[in-house]
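Each chain gets a letter, A, B, C, D, E, F, G and H, in the order it is written, and its residues are counted from 1.
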Amino acid sequence: MADLGFARVDLTREERTGFPEAIFCPGKTPREIREIARALLERTSSPVILTRAGSRVFKEVRHLSPEASYHPRARLAVLRRHQGPPLGTLGVLAAGTSDLPVAEEAAITAEACGAQVLRAYDVGVAGLHRLLAEADLIARADALVVVAGADAALASVVAGLTPRPVVAVPTSAGVSPGLPGLAPLLSMIAACSPGVAVVGVDNGFGAAAFAIRLLKARGEGTD
Amino acid sequence: MADLGFARVDLTREERTGFPEAIFCPGKTPREIREIARALLERTSSPVILTRAGSRVFKEVRHLSPEASYHPRARLAVLRRHQGPPLGTLGVLAAGTSDLPVAEEAAITAEACGAQVLRAYDVGVAGLHRLLAEADLIARADALVVVAGADAALASVVAGLTPRPVVAVPTSAGVSPGLPGLAPLLSMIAACSPGVAVVGVDNGFGAAAFAIRLLKARGEGTD
Amino acid sequence: MADLGFARVDLTREERTGFPEAIFCPGKTPREIREIARALLERTSSPVILTRAGSRVFKEVRHLSPEASYHPRARLAVLRRHQGPPLGTLGVLAAGTSDLPVAEEAAITAEACGAQVLRAYDVGVAGLHRLLAEADLIARADALVVVAGADAALASVVAGLTPRPVVAVPTSAGVSPGLPGLAPLLSMIAACSPGVAVVGVDNGFGAAAFAIRLLKARGEGTD
Amino acid sequence: MADLGFARVDLTREERTGFPEAIFCPGKTPREIREIARALLERTSSPVILTRAGSRVFKEVRHLSPEASYHPRARLAVLRRHQGPPLGTLGVLAAGTSDLPVAEEAAITAEACGAQVLRAYDVGVAGLHRLLAEADLIARADALVVVAGADAALASVVAGLTPRPVVAVPTSAGVSPGLPGLAPLLSMIAACSPGVAVVGVDNGFGAAAFAIRLLKARGEGTD
Amino acid sequence: MADLGFARVDLTREERTGFPEAIFCPGKTPREIREIARALLERTSSPVILTRAGSRVFKEVRHLSPEASYHPRARLAVLRRHQGPPLGTLGVLAAGTSDLPVAEEAAITAEACGAQVLRAYDVGVAGLHRLLAEADLIARADALVVVAGADAALASVVAGLTPRPVVAVPTSAGVSPGLPGLAPLLSMIAACSPGVAVVGVDNGFGAAAFAIRLLKARGEGTD
Amino acid sequence: MADLGFARVDLTREERTGFPEAIFCPGKTPREIREIARALLERTSSPVILTRAGSRVFKEVRHLSPEASYHPRARLAVLRRHQGPPLGTLGVLAAGTSDLPVAEEAAITAEACGAQVLRAYDVGVAGLHRLLAEADLIARADALVVVAGADAALASVVAGLTPRPVVAVPTSAGVSPGLPGLAPLLSMIAACSPGVAVVGVDNGFGAAAFAIRLLKARGEGTD
Amino acid sequence: MADLGFARVDLTREERTGFPEAIFCPGKTPREIREIARALLERTSSPVILTRAGSRVFKEVRHLSPEASYHPRARLAVLRRHQGPPLGTLGVLAAGTSDLPVAEEAAITAEACGAQVLRAYDVGVAGLHRLLAEADLIARADALVVVAGADAALASVVAGLTPRPVVAVPTSAGVSPGLPGLAPLLSMIAACSPGVAVVGVDNGFGAAAFAIRLLKARGEGTD
Amino acid sequence: MADLGFARVDLTREERTGFPEAIFCPGKTPREIREIARALLERTSSPVILTRAGSRVFKEVRHLSPEASYHPRARLAVLRRHQGPPLGTLGVLAAGTSDLPVAEEAAITAEACGAQVLRAYDVGVAGLHRLLAEADLIARADALVVVAGADAALASVVAGLTPRPVVAVPTSAGVSPGLPGLAPLLSMIAACSPGVAVVGVDNGFGAAAFAIRLLKARGEGTD
């Protein structure tokens, strides 16, 4: 653990929990973010990811790493990526174009941490043929992340089409005001297809973290 | 209007609103129910329906009409049915067997008021092939009532498969405790397929009332 | 289906579901909106509508169609309208002047898709005579859309005055803070008059989509 | 104040607050109820009312007063009534027959405390003519209590028809499960007609208490 | 009724409901507001009030009336006041300084419509002596409006100190985020002192409207 | 730790956390309860308390201890009490007689664990003089537990009258249906008097646990 | 698919989704349950499980299978178990003894479907040493199911101690009334440790279904 | 009490309630804030604190006191601090860096009012070793304030590690949208470790006020 005064950086997070400590940017000053990033780059060999990062934050940290990349739609900065062979294949499906920022947060995070990601976006159930056309992608994935707002019907439908675990992410995008993401959260929690588990609203990062643990469990099994 | 002292029976409800006054039984004494039923039978020619009716209530009223029938799963008693040709064809779909009481409340009410009803039950999206096998039924209906609990994904999926209006009924059946019917209500209200409108939780009767108005609007149009 | 990379445009939506694919603008870049609009204009003959569209978006697309029009209060851009005779008559009622943006979203969308629309605005039940003065309009409509916030009492009152189906739209306009639109949503869902079905808060577009399906069901019936 | 050990009976409540202390029965033993009733009868001259009282409770207390009466639908026992001329005229309106227990709790409480009560029940807005037929009753009342469940539209409609204050009571009766009384509570709180104030769900007693204060304020004014 | 095209101005609102039609400004253009104000000034003799009005709106209408006044904290513009003797005395109490905007909305509206208003602000129960020092004011009022946020304990305490009706207004001011005004709304609805009735969150205007009806009922009574 | 197979009894809970492990009875069989009680009696010297215990449970355990006592209103069984001098003085106040079961759960638990308890019940703010008459009791307490339902105004009022910490317990007793205890929970959490902290609805036990920690902190301080 | 009239039994569910169709008993008649069970036993080779099954239901079906077993605490009946080698090791942890029914539903379902299950119950964070003593069990599991009510803190703590995926199940057991399971559901959804995904309240069955998919994904991976 | 016209400043608040009147800045003009501050500085000897104060407010008041200090992260201005020996030792723990503003509001307020504060930040349970490393700090504190968002698991874990009272503050920081602070509020209220009491979301000030009362109760006890 590196105690920077304003933060205690968890240097063994990946060994202990299968997923590296990431930097959640809101509420931290750019200087604090840079110091945490530097500590992680220098004192661990884990992937280094900044979430909910604005472009101004990226300017502050890009010089820290030659492979730094920024992904504005996902509000992600990646300073170091997973080394070594991929951990497995993750399918990331999104119901509508409004769900893209969250889907990309999940996809890019998972890629940075070692997954091979297959994307299928804009495959909501209002046009079922769009989803059925992706049967091959669904069949090839070791696990699936389904990102959807509104009625979130996509999670149940996908879970009915595959034997793989489905990690569902509700999103707050939508036509009507009110509690953002409540309808898809409750819908996914109540999913009528067994085999769905849910993370928080708009939490594409959390879905990736769960998926990475899942893919690692695959590779490290002994039976 | 027939003023029975304890109730004001609306004798012209069907002329005025397209749907006859029905008797909602909870909170009324059997004697009160019998008096209201008698007034409707004697002073109107509309269908006469008792909702949320126990079998004891039915015993109190069955002698009032030679065509009286009782439907325990739907908790409905029908004392007089629609006369004349059917108003049109209504498809009633239910996601799971737990949704049957509400689906039957909708179907029997609609039949009693003049609809020809096609039923497809246990067609939830966890096994999409069960639904797709009903493509013919869906195509033949002038309107559809979709009854579902849990994630209520069925409403959106059906609305994506047909050009007909879809009346959605959330149900309170389900595995988890909590606010009964909240998840499917919010899910259906947020349905990602345009063309869905929603009635109250477990309100199969309300869905039938809306559907009957809709079917009548079909037959009476002049353009 | 036209796969534009960032979106899969559903070219057969109107044939399949009775209502054309519309473009929901929030979260899409102007360029993406323009490309989707172009695909719909070139590869379908359906009406083309942009919802929740700002004036800047309209500038980006107006050159695509000679009949393009923009409706700022409803945040709607219409690039192509329904061809052929009207599908039927739709009454759109709004309780207060604050409900106008949502009512106009419903009315203009329905007109663009083929309905003849009769409007009656500012007819809330606080002054019942204002509503009763519109008895003729109500009688002429094949179906009604009722738009209201606050207590949303208008939906029940209208449903008691007409045999036509009433599609209710709750709005988030109002004096008090809190969950926007929750009171009228719950009130409309619980409407004491049978014959009301509800769409999402502020979802005038969804009400129009349901109404168009309903009007089409009228014209295409065979009995 | 009479300290009975298990309760502190407020003997000057009526002088101080315009409304006598009543006995809320749930959670109290019959013996405790009897002792409180005896203290109120012997040591005050105020009306004595037991709310949410079962018939067994009434048996325990009826011998305490020659004018004791029991009202099963309202679950009220009255042991002593207001003496002297009536305080004014209160209209009590109920939307449906399911609302009667709450309406009667309000009406009988108000009568016991000195109001002359005019009742109009089953006048919900689904059949507006039923309400309009009561224009005379509405005009004669000094204040109105409106009792309604479901959409509670009656409160706003009545408030638009009279210059008198409207005290609204939401009820928990209804077709759908869920939070009992939430829809009418929110609807009445958001009433679009100015001049409505609201008490708790099913709290007919609280409406009567407010109305009695209001009627007394009328008689005691000096301007 | 004056039909201005965009609005139907209710010219007989005060005669019918005891309280004049006011202009709720949000969502209306300045020109629309001016036209409605002009119609009310020219075609009625009622007080004319604009609620939730910004200073820019006031600039648009101040020339319409020589007695126009603007009240920025309450966001109210008054263009014409009640003529004739006061209707009675209204006490307006506020718990904290954060509640002042809502309290002033109630007080100024009530004054404009004919009440004599006595104010006592910053009398929350955290320092009970501040409230008890206002015993004389409370005793002189014919009715009381209590404005409070947070726990809204003031409403119950005041109702225990006076026989007059207490109209409670919850406010959204407060330390913690979350549903604005929910805690005081629920607290006031559940007030343990009988004799409290509640209007919507931050709805000082609604409290004044109810109070004016109440004061008028006093003066016009016949018994 | 004593591992009984079905439970792991925490034998050092009091040393570690200042409050002994108690037995929450619902969901456990009488035999399981008896075995846990026996382990605590034999292997610790802490007080032994059973919460939410029915009389049948008490019959199963009373023989285990000569000093066993049962308190039906509080649903508590006490098998062994605190030894040694009292830890300090705790005032327990309850607003109404309906709050007694929860108040007694707090009071008896605190007594069993070493507090001297002063009780003042039925002192709700609807009759403020009842509370003010208890000024002496309030002044003598080292800490206060305030138990109230409905608007829970008592917590704020008491906190304004004393410099001692106030532990607030919302109760679910009340007139209206709905979410039990939500109004007093939110009201207490938002208490306008600083110096109030809150435990769960009906959780008199939790209030006692917090108070015992607080009283122990008094006696053990070293500065 | 076997169409029994009242139900459409999904005979290929396990092939398609990795988890066999189970029979949710509430709302079905014993005869219906028996017919569905018979169809699954005769026409598939999958495990056959009845959930939320009372002992009376088990009497109806036990003769159908020589290996039938009943588990009253989990309300599960198992008629046929997974054949072949175990799929992997699942740790099932429960915070308190009240959580046992849900934990056992998860554990027995998972065992019936092929998992080797390691149990650690009564390991809530109020006594952290109880959890830390299970470090070995946690290390041996391929995936973990964490069952907890109240604050559900156990899920986050466990996820911080292991690199394996954590499937969290909120339970409705607890001291306070209110929305059952809402606090642990929201807490688990918001879990501060990445690597937690959540199923519905009390849905031990759903957790097992997800875990079985997850374990199968391990064994079947090809990269 | 000093009546400034716009506010009644409570000059004896500290004597009466153990905690001085503070100035909550939102909704007050800078001039009003300055006048209240001046009255408190001149007419009491209590600490003077401004909460939710922007830097512009501080500029307005800094000249009033030579010892004025401003704390931007906590949005606190302190104009006068507690005189005399410390009241005791308070541990302030925060789960994540996002919780710092609230934790600092608690810590600085408590310091200004006489507590010696020990801080341990970024000790959330996702890395339990960070918390366990602070065992010494926890052991030295007379009471603890635990500040956490998300699942707020820290409160229960800390309460299981110490015999001191734990005051829990939920925060609104977090990844997902929705009701800010609801998850940690409900989680802390339901804390599975006895000995936790809760203040409002983000209400670090309220936690300090409660803690100061608690520390004073220690010093002033007489047994």
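Methods note: a contact is a pair of C-beta atoms (placed from the backbone, for glycine too) under 8 Å apart; a residue touches a chain by one contact, two chains touch by 3 or more.
Small disclaimer: the values here were computed from a predicted structure and weren't measured.
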{"item": "Labels of chains that are neighbours to chain A and to chain F", "value": "G, H"}
{"item": "Whole-Å gap separating chain D and chain E, where each centre is the average of the chain's CA atoms", "value": "26"}
{"item": "Where chain C and chain H are represented by their mean Cα positions, the distance between them in whole Å", "value": "50"}
{"item": "Shared interface positions of chain H, touching two or more other chains", "value": "16-17, 96, 126-127, 159-161, 175-176, 179, 182, 189-190, 193-194, 200, 205-206"}
{"item": "Pairs of chains, among all present, that meet the touch criterion", "value": "A-B, A-C, A-G, A-H, B-C, B-D, B-G, C-D, C-E, D-E, D-F, E-F, E-H, F-G, F-H, G-H"}
{"item": "List of chain E residues in touch with chain F within their complex", "value": "95-96, 124-128, 148-153, 155-157, 159-161, 174-176, 182-184, 186-194"}
{"item": "Residue ranges of chain G touching chain B (in the complex, touch as defined)", "value": "1, 6-8, 10, 13, 16-17, 24, 26-28, 32, 51-52, 172, 179-182, 200-203, 205-206"}
{"item": "Contact set on chain C toward chain E in their complex", "value": "96-98, 100-101, 121-123, 126-127, 129-130, 133, 173, 175-179"}
{"item": "Residue ranges of chain B in contact with chain C within the complex", "value": "15-19, 22, 85-89, 142-143, 159-167, 185, 189-190, 193-200, 205-207, 209-210, 213-214, 216-219, 221, 223"}
